[in-house]
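I've put the structures underneath this note.
Two complexes follow with chain A in common, the first pairing it with chain B and the second with chain C.
This part shows the complex of A and B:
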């Protein structure tokens, strides 16, 4: 039986090497008929990222929203001759613009006017998720509902009449199971259909009570004459709701409407005896209840629900924290021990490369630049890559499985006492491995203030790079007490992080902590594709942002350590030595000589470089040389200094890229330097008084 | 309303695995503190802590299972997933370490290397997998949609 050549390539790729038609296209790429912009929105933990990954695959790029610290993820898919350009909007429960995430989403829908909005709705919790849909409908968006987690709904005995739901909502409703990639093709078909007008999307609008409708109508008439850019009904409703941004917008063109709106709001509030927000929300929920009652059936109640079963244990009063600690331990094992082979492999390859360069480049200076500068610099970054990627794989797995939401819930009360948010616990703990992913993990914190605060204190957590410095100094100076001294570093790191958080909260944010609202998503088995994509996107972000800076700094330090020509590498006559000597007077009170100062400057690149630098500057036998230049007190002060002083270059670069603010980055570096110096000085001063 | 059924096997699993993990956990902590060399037991303080946590999870369910409450099954079920996860992780670490020694450092794969790397939790992996399958097929499928 001969097979007919398929007209449609199954790979759905623009450049497919399999079929001749696609090969032709590779040489003469076909121009997509139309670019369709799609905003992807949904409540937090609805499976938005997973669906986004399924829709776009690896064709994603990440940036920040202009002028905001909120991540903007975009991706492309080619479908039926159209270029579908997806924009992942922040997870949000409503569009009232009370948080940065809500504001970003709202501005995108209003100003960018996407062709289609995909509203991802949790099939097992329709009531709450449809609220966002009604808000989108009022904004005049063309919506498609992705009814996600339909499998979980079925498992819970929830039956949804999808056709009827679509009819009642006036918009296409597509059932999906994002974790398994189900429903993606139908969703893409619907997007193209709605964008090209072959499928209708006229989302249902809430019909409020007569007096509310009358107030809306009165405002709408006036608004329509003055503002054409945005839907007049939506502006009228937002004015009644005393929306600050909309008031600012309207007051510029028609301040008299504001007064009118205030009067109408006052009248309504007086009549109902409730705040306007409650009046509007109640009427929205009334419509939602009606729609849900007509489309959802509960066919019995399950005796055992996996999510409930796991939560019985994971959220148990006595077991929650030991389980959390064990899971963190598992992350560490996976990140550091399971990645050993790859780490050692990369290290080994770089050693071979360095030997090759050293033996085959006749010019000593160029050989030194390539081996001590470029290869050493590049190696110092790439050797961490497996750890970083493994860490992100583990974090993505826990995020997608639904555990992280529980972890934040468990720790919220404790973190709140020290001025941090429940969700700060994950970044802080990840900081024990590496401060770079710790800073990046703060993206899960919705409130910008809480996020900035967590970023500010995350570098105080002793990362694994500081571990070799501690172990070397503790081993040389404290003998049997080494383990306790090591432990004191970790305790001090956490104590300082909490103390600084409290102080910064008091100074900058006047005691405000955003309320902790988290939806416990049902546990689900993460798809390999989704977590691999998460890992790749986050890991490559680290490589691009941090890698370049480390590489550059390594060359700069090589230059400082080996110039002017002919000096001993890192010797007192080298520029690095000159800098160390010139700053020595500052560190004399701490008991550090110029070589320690130079090593600390090198440690600016990466904390483990402190040990390498000391090895170069003092000779390899540190066990003998160090006790000659440091006392146990100054050694302890040095440990504390290394614990606190300035985050490494990679962390600084990450803080800058995450906060979008040089001011905040410099603040973090400055307070850590000052704190490190003051604490080290205090240790030496008090230590010398006592001993 | 929770259905009342006999959970004899689940109680037995909880007791057997609870005790096993408790003993292994204590031995790992003791050997970490005192530096004792016990075959298949590494000097691993945190590993011991994890094992004692797993044991506690198993023990917590016994009371509810004795009361014939179906929700008590959550503890041995989660304990088994938890133990299985760690066993899988230790297996991965063992393979990574052996690959490092043999491929990168060119050492020969000998019984000594294998014994150095293997730990008792890895040996529990197949048993835990069977228990998890039993939970899935005989308890969860019966009582959930």
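This part shows the complex of A and C:
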């Protein structure tokens, strides 16, 4: 992990040139503060990101864990002369490393050895949340418990003896209400105290039944001599549990221990008649039950649960899908209609900018590079930014409210039939608006395979940028049939997405779909602060990541269209025209001439650019010119081609930044190009046979 | 890719000798039925996940919803949705 220097501008901005603080600090360097690294961990839905935001404010930077697709969030807070460096670990239920999230968290705790771990625990559901705590304790971490949602627990009639809990667990327990920012300063005090050693944190260890303890002791003795880096008791327990990564670790230094562990595990499993995981977990839960019974009191009757009421309607057999569709419709209206004025504003701004540049830059070539290349390229993508931000706002709202878990549950069965996961449904539907947020929304899918698969098929969903191409071609060539032709495009898009998912699943992942388990958190009203912060972090992440690639591609496309010097922009003598002409032979069978091929090349930037380019290349009167160079069959083939061939630059950039793999990105682009060509060819071939 | 070890347990064979009298899979539980989890038949990854979420032998469950979409259970005050396939692998002792 890269460590940032402690003396830095609190705005965390690299490009901050005018920041007075940074300037001041350059002249008078601050006393280097003691740096404390803190891992923040907790089950999903415990309010972890809210607490993290409260702890760090907007001073966060988002990246990915090295070599992983899991998002890594870090933030800084200065407290009592110390620099608290918070690292947000992915939300997990346990640390068994059976998913990527768990692996990431575990490797961080083992290898980075943070000074303090904050384990966020839901006060209204102590029993389940303490399981993670016991696993952390076995790893030898110094833990502070943040007893979150204490207000909800009180409302439910749950009383917790915090002092006694702290004594029984052996760690400081700080009650917090993250949504209102309560308890944050006490938490920071405790962090500094534990890190400096003034407050003790000796988390309680589980005492297993005698035969299990015996097995642990046997292994521990042998491990202690060979491995010193990690706590030997933890390694012994993980070996009994047949943990793949720990086995890998141990087999390098002492392969004989593994054989021994295998034998011991077998013996225990046979004796208890349960898998070893269950035996160990059961005994952990027994300790938890004991602790909970001593510290938690239930007083009064819990108030009527509104969550149950909503769920009976939302999960109803007949109502579930209609409700889902209407919520979706609302999101669409919000993202595309409510953001319209901003989109038009940005469009207008870029036009003014382009005009200004054209009129004021004397060198024609540079003026063209800036107006036709950079401004046009960036502009065509930046107009989507308001949509993207609004969409993230709506998505964050639904995510925080707890509805997404229900939607995934309802659709799991249907999606499973086509080789996808219940949680793929939301990204795919968002793709109807724009493929970029669709790819980004796949973050919610835990399984790496399911996620990559969803990313691969998401660009097949016809986004709103393809709509103008369809409507133009359908209007010119099919007259009264236009609506049916349009509908066929949408159906084809979804059908292909499902088909490709099924095929890729069969080839790469041997038909395995991870079983579906989802926690359905109680419904809650998301706070504006939390969702707007969410929106800001995700949206600006997109801008930073995709911006660079889009910029580069815009320049390349401009270069192709206007070089060699002196040619008409996108004309037959330009490189783009030459490429179009030289590729014409490939597209002859489809009935496309070089101008259409050139327009398709420009379509890489964004699909609606195909229409603009055709306008430039063919003269403005498309209604008259197009029927002369295309037959209706070829026109339909062109529509199908535009539907499928390659995601736009913004989507490609997003796929790359989300998957962290050029291989997967190229795979998506390549299969789409091939599929588009084959399908268009098939349409022309069959069409010519019939008509 | 992580290496797979030969002796890592595959999907565990359901023990035939196990006495299943009175145990029924979650998927056969009626709506609002209550019971105690007795046995989970699943692979390692899933078992770990279930255990972490509190679905473990000895835990009390209540079935809130049981429809074609899957089963929604209440365990320790947490609502959890399971796909039908997984729900048919969690065995419960029904409380009458």
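What we mean here is this: the second predicted complex is superposed on the first by the 656 of 691 C-alpha atoms of A that agree within 3 Å, B and C clash if a C-alpha of one lies under 4 Å from a C-alpha of the other, contacts with A are read in each partner's own complex, and residues count from 1 in each chain.
As a convention for this text, contacts are C-beta pairs under 8 Å (C-beta built on N, C-alpha and C of every residue); 3 or more make two chains touch, one makes a residue touch a chain.
Since we're looking at a predicted model, the values are computed, not measured.
For the composite obtained by superposing both complexes on chain A, the positions of chain B and chain C are free of clash and fit together. By the touch criterion defined above, A:277 reaches chain C but does not reach chain B.
By the touch criterion stated above, A:285 is placed in contact with chain C alone, chain B being left untouched. In the superposition on chain A, A:197 makes contact with neither chain B nor chain C.
When the two complexes are overlaid on their common chain A, residue A:565 makes contact with neither chain B nor chain C.
Residue contacts after overlaying the shared chain place A:93 against chain C, while chain B stays out of touching range. Considering which of chain B and chain C touches more of chain A, the answer is C. Looking at the shared chain after the overlay, A:124 reaches chain C, while chain B stays out of its contact range.
In the superposition on chain A, A:345 makes contact with chain B only, not with chain C. Once both complexes are placed on a shared chain A, the shortest Cα to Cα gap between chain B and chain C comes to 13 Å.
The interface of chain A with chain B overlaps its interface with chain C at residues 308.
The touching residues of chain A, counted against chain C in their complex, run 43, 92-94, 96, 98-99, 124-125, 127-128, 131-132, 242, 244-245, 247-248, 262, 273-275, 277-278, 281-282, 285, 307-308, 311, 315, 317, 320, 405-406, 409-410, 412-413, 416, 422, 514-522. Those residues of chain C whose C-beta lies close enough to touch chain A in the complex are 2-5, 7-9, 12, 15, 18, 39-40, 42, 44-54, 56-59, 64-65, 67-70, 72, 76-86.
Taken in their complex, chain A has these residues touching chain B: 154-157, 300, 302-306, 308-310, 312-314, 316, 318-319, 322-323, 325-326, 329-330, 333-334, 337-341, 344-345, 348. Remark: chain B residues 2-3, 46, 49-50, 53-54, 56-57, 60, 70-71, 73-75, 77-79, 82, 85-86, 89-90, 92-93, 96-97, 99-100, 103-104, 139-140, 143-145 touch chain A in the complex.
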